[in-house]
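Presented below are the structures under discussion, each in the form of structure tokens.
First chain A sits with chain B, and in the next complex the same chain sits with chain C.
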Partner chain A sequence: MRVSCLQENLARGLAIVGRAVSHRSTLPVLGNIMLSTDRGRLRLSATNLEIGIHCWVGAKVEDEGATTVPARLLTDFVNTLPPEPIELSLVVRTQSVNLKCARYEANIKGIDASEFPLIPTAEADGMVELELAGLRRMIDQVAFAAATDESRPTLTGVYASFRDSLFTLAATDGYRLSVRETQLAQPVKEPVSVIVPARSMMELARIIGQLPPPEEEEPATVQVTVTPAGNQILFHMPHVDLLSQLIEGTFPDYQVIIPKSYATRTVLDTAAFLKATRVASLFARDGSNIVNLQITPGGAIGHPAPGTVTLTATSADLGDNVSEMDALVEGADIGIAFSARYLLDVLSVIDTEQVVLETSSPTSPGVIRPVGAGRELFTHVVMPMRPH
Partner chain B sequence: MDWPVVGHEWAVKLLQQALATGQLSHAYLISGPPQVGKTTLARACAQALLCTAAEPPCGQCLACRKVQKGIHPDLYVVAPQTANLLIDQVRELQRQAALSPVEARHKVFILRQIEQATAPAANALLKTLEEPPAHVVLFLTLTEGEQTLPTVASRCQQITLRPLPTAQVAQALQEKWQVPPQRAELLARLSQGRLGWAVTMLTDARAWSQRTQRLDDLLTLSSQNRVERMRYAERLSRQDDAISVLQLWSSWWRDVLLLQHGCEDQVANIDRLEVLRGQAGRYDEQQARAFLEALTSTGRYLEQNANAQLALEVLLLRLPRPAAPQGESNLSR
Partner chain C sequence: MPIHILPPEVANKIAAGEVVERPASVVKELIENAIDAGASEIRVEAREGGRRLIRVQDDGCGIPAAEVELAFARHATSKLHTAEDLARIATLGFRGEALASIAAVSRLTMLTRAAEEPTGTLLRLEAGQVVTREPRGMPPGTTVTVEHLFFNVPARLKFLRAAATEAGHIHQIVTRYALAYPERRFSLVSDGRLTFQSTGSGKRYDVLVKVYGLEVAKQMLEIGGSRVSGSAALAAQPASLQPLNLEPIVSGYVGVPSLHRANRQQITFYVNRRWIRDTSLAYAVVQAYHTLLPAGRFPVALLFLELDPAAVDVNVHPTKAEVRFSDERAVFQAVQREVRRVLVDQAPVPTMAMPPSAWPSPEWVRRQTLVEAGERTARQLAIELHRPGETPARPPGAEPSPLPMLRLVGQLGATYIIAEGPEGMYLIDQHAAHERILYEKLMAEKATASVSSQGLLEPLPLELTPLQAALVEEYLELLRGVGFQIEPFGGETYLVRGVPALLAVGDPRQALVEIIEGLSQDEELLAQEREEELVRLICKQAAIKAGQTLSVQEMQELVRQLERTASPRTCPHGRPTMIHLSAEQLAREFGRT
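On to the complex of A and B.
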């Protein structure tokens, strides 16, 4: 193998695949990044057997070939090099890679590429095509709600469903549920639903954020495919492929969890609500992390006094705090308590100006939705805390 | 291709049939003496499961070669970390088990020495053992004489491996490891039917010289006085493999007893047949039997956490003196 490419391109590629490198695995080759030539480009690949990432870097290929080299050493070395062309060549006899850049030269010992796990790449067109930024937004709104506790593996994943023209992402940890739907440009031929590890989804969102701005004729889209064996999902982006293993199991029927009715409907200013919650969380974080909401409707019709929402948080040691907001309240008044962290999590991913909170009783789940998000339907269900 | 397993024909057949009919159980508990081939059997079955050829295991395809090199991404071998199998290892296993396989259609987990699992680890494993994801197959190995939780055992199909016949071990050593016939015969007899042990001896020169040294020690000790014996006991008690020394000595005294009864063809330490013959003549049968019993019970004491030095001192004081020409009786001093 003999390849030359620019230092900044290689460094950017290494940063993207580096996140899939596994440093503590029983398979030493997983601590390596695979370098291979692929149709006139240099392909970097890494996997931890949960996520696999390919990244293509523009390069001048003189000789085809493939090898794997330790990720950390290669990345650190390339990052310290000056922004000039790098020449890479593989010495087959010693399985080491020779790198030359400006006046620096290094030989890095590698492991044969045949030991590297096979990571499929996108061969044909994907099953569906999604817009990059939109997908990233969807992941941000859903993935945080997945469980981090491994005792129920299906809940550590994000449920992804493609049915006709509807694409749904959902995640729950048993205390909260995030569901986000969007319309596909083209309906899928067959309905498909899979559970993707939340970590993979977050990694995907991160990579989308890191992609270089697309060139003129390049579409800013991602092709999504579930492999025929049904064990992997592949996201094909410009220059980058991300492949994730799937979680086996059945995702809970989350539709039944979403309350169908409400007793009180409160419309709040998102930024004000977020700010008040943040203030309350300062007092709540020390103890049980509870914020109490007191929702009071405004005057009767014809009397324009607005409704109010009062947030209180109390810490036995630190003190207490009260914030009041104006709100449009429909229905009866109610006092309900939520976890401050859960409220912060969901409010910080809502990007509409107003947010609606639907509640029924102090012990039944509340529903939070953005107001005026149109077709981008987002629903968040959160269990209340037991009131004092 | 045949499975890369020597002996255990019935177990191989059982697994082969289960594979062929698609009735492989989700979990197997393979028990047997140390180094008899428990993990080897599990690995062979894993290879058959992960092989991509039409008649697995082919031994040729990429998957087979990866299994043989121990680098297949869908084969996990979990061995006790430090002394125990820890709950964190089980949790990691569960996380991996929930994910779909990477290259093959199955994911195989081999948990070695399940008896070393801590109680929380074993209990954490129960859920996975009871209803693992469809693509997961688990093999647990259990050293003979050790125990695991009954709840673990009852969730697995059990396979009990027995020691191989000496002739089979000798033949395998000659054919697969190119050992000269004479040495193969010796190792086979010493191995007590555990091929893995014989192979270890073959590759580990230190282990072999250790055996020689320890047998020499035994011969020297029998003619030494109490002070020397106490000193040796003290030294031995500080070694962590005192039990294996006792086992070695047991095989020696068993040989002495066998020779006294004229069963020369069953002797294990055939490389020292001449010395053994001399020994057989210099002790009476009663002495040999009594010391063998002492060795066995001391081994048990050591396992039961007795004071090692004390137990070994008592043992060595009981080591009979060879009948000297003067007819001096043992322990007369």
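On to the complex of A and C.
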């Protein structure tokens, strides 16, 4: 193998695949990145057996070939090099890679490429095409609600469903639920629903953020394919493929969890609500992380006194805190308590100016939605806490 | 004081103390009689956990009218004739004590008809004395009704536990026999409600599903399924002609390694279809799972051993729950070997979807690191360690000194945190330390009466065994007090609507089951201890586990919080959270002084 490419391109490619490298695996080859030539480009690949990432880097290929080298050493070395062309060549006899860049030269010992697990790539067009930036936003709004605890595998995933023109992502950890829907440009031929590990989705969002901006006017897209066996999902992006295992099982029927009615509807300024919650969480974090909301409607019609929402948090050994906000309150007054962390999580992914909180009783779930998000429907359901 | 022979009623009452411990023991003795009588259908009925009434009805051979009274005499039995028979016992009962003992401490009614006689007999006894005897028409078989158990032994009566607990024990006994005798139909009616029924189909798996539930049964592996069913084989061979075979035939079911419990209670043994307790055999099973289970966890197993009756002595204890094997080692090895074999052969390989050569499941990788971590720490430091709690320098009466400021060094074997203080090195057990932090937090919250509970989006149904359900009922108020929103949902099912905020990260169902199992281990807690024990168990569930890799920030936060606790040196269960290695000790070990 003999290849040359630019230092900055290689460094960016290594950063993208680097997150799939597993440094603690019992299989040494999984701590390596595979370098191979592929149709006039250099392909970098890494996998931790749950996800696999390919990244193609523009290069001049003089000799075809493939090998694997330790990820950390290669990445750290390439990052320190000056922005000049790098020449890579494989010394087959010693299975080591020779790198030359400006006046630096190194030989890195590798493991034969045949020991590296095969990561399938996209062969044909995907099942569905999604716009990249929009998908990243959707993942940010949903994936955080998935469970981190491995004992309930289906809840550690994000449910993704394609039905006609509707694309839905949903995740829940049993205490809160995030659902985000959007319209597809093209309806899918047949409905598909899968559970993707939340970790994979978060990696996908991260990679989308690292991709170079598209050269054309058209927004960049990702082709999504579920493998015929139904156990893997492939995201085919410009220059990058991400393959993830799917979680087997049935996702809970989340539709029944979303309350259909409310007793109190409160419209708040998102930034103010987020800030007040952040302040309250300072006092709540050592206790059980509990924030109390007291929602009071304003005066009767014709008396334009605004409604108020008062946030309080108390810690036995730290002290307490009260913040007040104006709000548009419709319905009866109510006192309800939430986990500060859950509120922070959802409020920080809402990008509209105003947010609505719908509540029914101190023990039934609260619903949080952005105001004026149009067709990009986002619904977050969170169970209140109950102090004794 | 002259020596004299005790009158029979006193002797019976003493014997009853050994045989009849609680209502469940009566059920056990009566079921054994029914089985020995060849019954194919056995109905058990209990009221108020067996205190009010226990009735066992069978369709067995019955007792001829002329022998009915004799059945209640001590050492009267039809199952044994000579002392030699004792060496080859194939029936469950043989001592001839049970009926006499039960009759001595209750009001007992027996209705029985031998198949070959035209009419049956009704016999009523009170405290062992016959009150009524009359002929009765009835189908063949025997029905024994025991009412007001221990009415004449107030001391015993006082020690009986809540009705639900006793009912749980009876349930356990009935299911135990149902598993041993799948070809007989067992049913249990408790307070008028049918709580258990086996099909009598002869298939052990059917009973297994009924007893353990389909969910668990699906995760059980069968041992020796292809062999001839034991009792048929035993009956076929004339016992005296066969050479004595000391090697048992092992059959039954064991759970896959992912199915594990907090205690050994789910490892059960039957020898020649008799339920027994044997810690050494339980150890053999646990050994067979060596390295397959996380530390401190135990498998689920149900094993049936078939042995030549001559090779096993069941006459060790009046309740026959313990037996002695003539070749204990052979039995131990056979159990271990069979369990290990089925685990190795049948354990479902974790499904791998990507190229099969190199895709171990994350679970396997985690287990592997766990195992390796254990090996690394097993190499003992040859250093004289002393625990900070034992420092002699402390003046008497002084408050235990708080921890000095500690500087984090790193993590060892994904289990211990290494930190440096002004007086040397500290090894901190991450699980124990976190337990301590959570415990103090939760107790402080409780003191201000504000333990908060995180609601669940969907109420979680929790199906429990009768014994667990009885415990939950007993602890219901305490569980609510610490933040579980839990309510009965009919039968042995409970609905969980919320959990303590501390537990809101993991699987609430698993956490609650573990806590209940923990509670079942100490039955004799005083009321005020129970609450603390409950809090301790919650903290144990919520605390980070050994084998969990922590980031530097996480470790720093843990050490910082530990510094702020009131008694940082022990976990709530009293184990040390840290080991201190002073600078002088280190210097001495390295020969620098």
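As a working rule, the second predicted complex is superposed on the first by the 383 of 388 C-alpha atoms of A that agree within 3 Å, B and C clash if a C-alpha of one lies under 4 Å from a C-alpha of the other, contacts with A are read in each partner's own complex, and residues count from 1 in each chain.
The rule is simple: contacts are C-beta pairs under 8 Å (C-beta built on N, C-alpha and C of every residue); 3 or more make two chains touch, one makes a residue touch a chain.
Fair warning: this is a prediction, and the values are worked out from it, not measured in the lab.
Participant: With the two complexes overlaid on their shared chain, look at chain A and say whether chain B and chain C clash or fit.
Facilitator: Taken together on chain A, chain C would clash with chain B, as the superposition shows.
Participant: In the overlaid three-chain picture, which partner chain does A:E50 touch, first (chain B) or second (chain C), both, or neither?
Facilitator: both
Participant: Looking at A:G249, would you say it contacts chain B, chain C, both, or neither? Reply first, second, both or neither.
Facilitator: A:G249 sits against chain B, while chain C stays out of touch.
Participant: Let me test your reading of the model: by the given contact rule, A:P197 touches which partner, first (chain B), second (chain C), both or neither?
Facilitator: In the superposition, A:P197 touches chain B alone.
Participant: Touching A:L27, do we find chain B (first), chain C (second), both, or neither?
Facilitator: both
Participant: Per the contact definition in the header, classify A:S114: touching chain B only (first), chain C only (second), both, or neither.
Facilitator: first
Participant: Taking the superposition as given, does A:A229 touch the first partner, chain B, the second, chain C, both, or neither?
Facilitator: both
Participant: Could you say whether A:T363 touches chain B, chain C, both of them, or neither, answering first, second, both or neither?
Facilitator: After superposition on chain A, A:T363 lies in contact with chain C alone.
Participant: Comparing chain C with chain B, which touches more residues belonging to chain A?
Facilitator: C
Participant: Scan A:P153 for contacts with chain B and chain C and give back first, second, both or neither.
Facilitator: Once the two structures are laid over each other on A, A:P153 reaches chain B alone.
Participant: Which holds for A:L343: it touches chain B only (first), chain C only (second), both, or neither?
Facilitator: Neither: A:L343 stays clear of chain B and chain C.
Participant: Applying the stated clash rule to the superposed structures, which of 150-158, 168-176 or 258-266 from chain B runs into chain C?
Facilitator: Of the candidate stretches of chain B, chain C runs into 150-158.
Participant: Can you give me the overlap between the chain B contact set and the chain C contact set on chain A?
Facilitator: 26-27, 29, 49-50, 115, 117-118, 150, 229, 231-232, 245, 248
Participant: Tell me, which parts of chain B touch chain A in their complex?
Facilitator: By the definition above, chain B touches chain A via 62, 66, 69, 71, 73, 76-77, 91, 94-103, 105, 133-135.
Participant: Any idea which chain C residues touch chain A in the complex?
Facilitator: Residues of chain C touching chain A: 351, 353-355, 357-360, 362-363, 365, 368-369, 441, 444-445, 448-458, 460, 481, 483, 485, 498, 501-502, 504-508, 510, 549.
Participant: List the residues on chain A that touch chain C in their complex, please.
Facilitator: Chain A residues touching chain C: 24-27, 29-30, 49-50, 52, 115, 117-119, 148-152, 172, 174-177, 229, 231-232, 245, 248, 252, 256-257, 286-290, 316-317, 337, 339, 363, 365, 381, 383-388.
Participant: Show me the residue ranges of chain A that touch chain B in the complex, using the header's touch definition.
Facilitator: Residues in contact with chain B: 26-27, 29, 47, 49-50, 114-115, 117-118, 150, 153-154, 156, 197, 229-232, 245-249.
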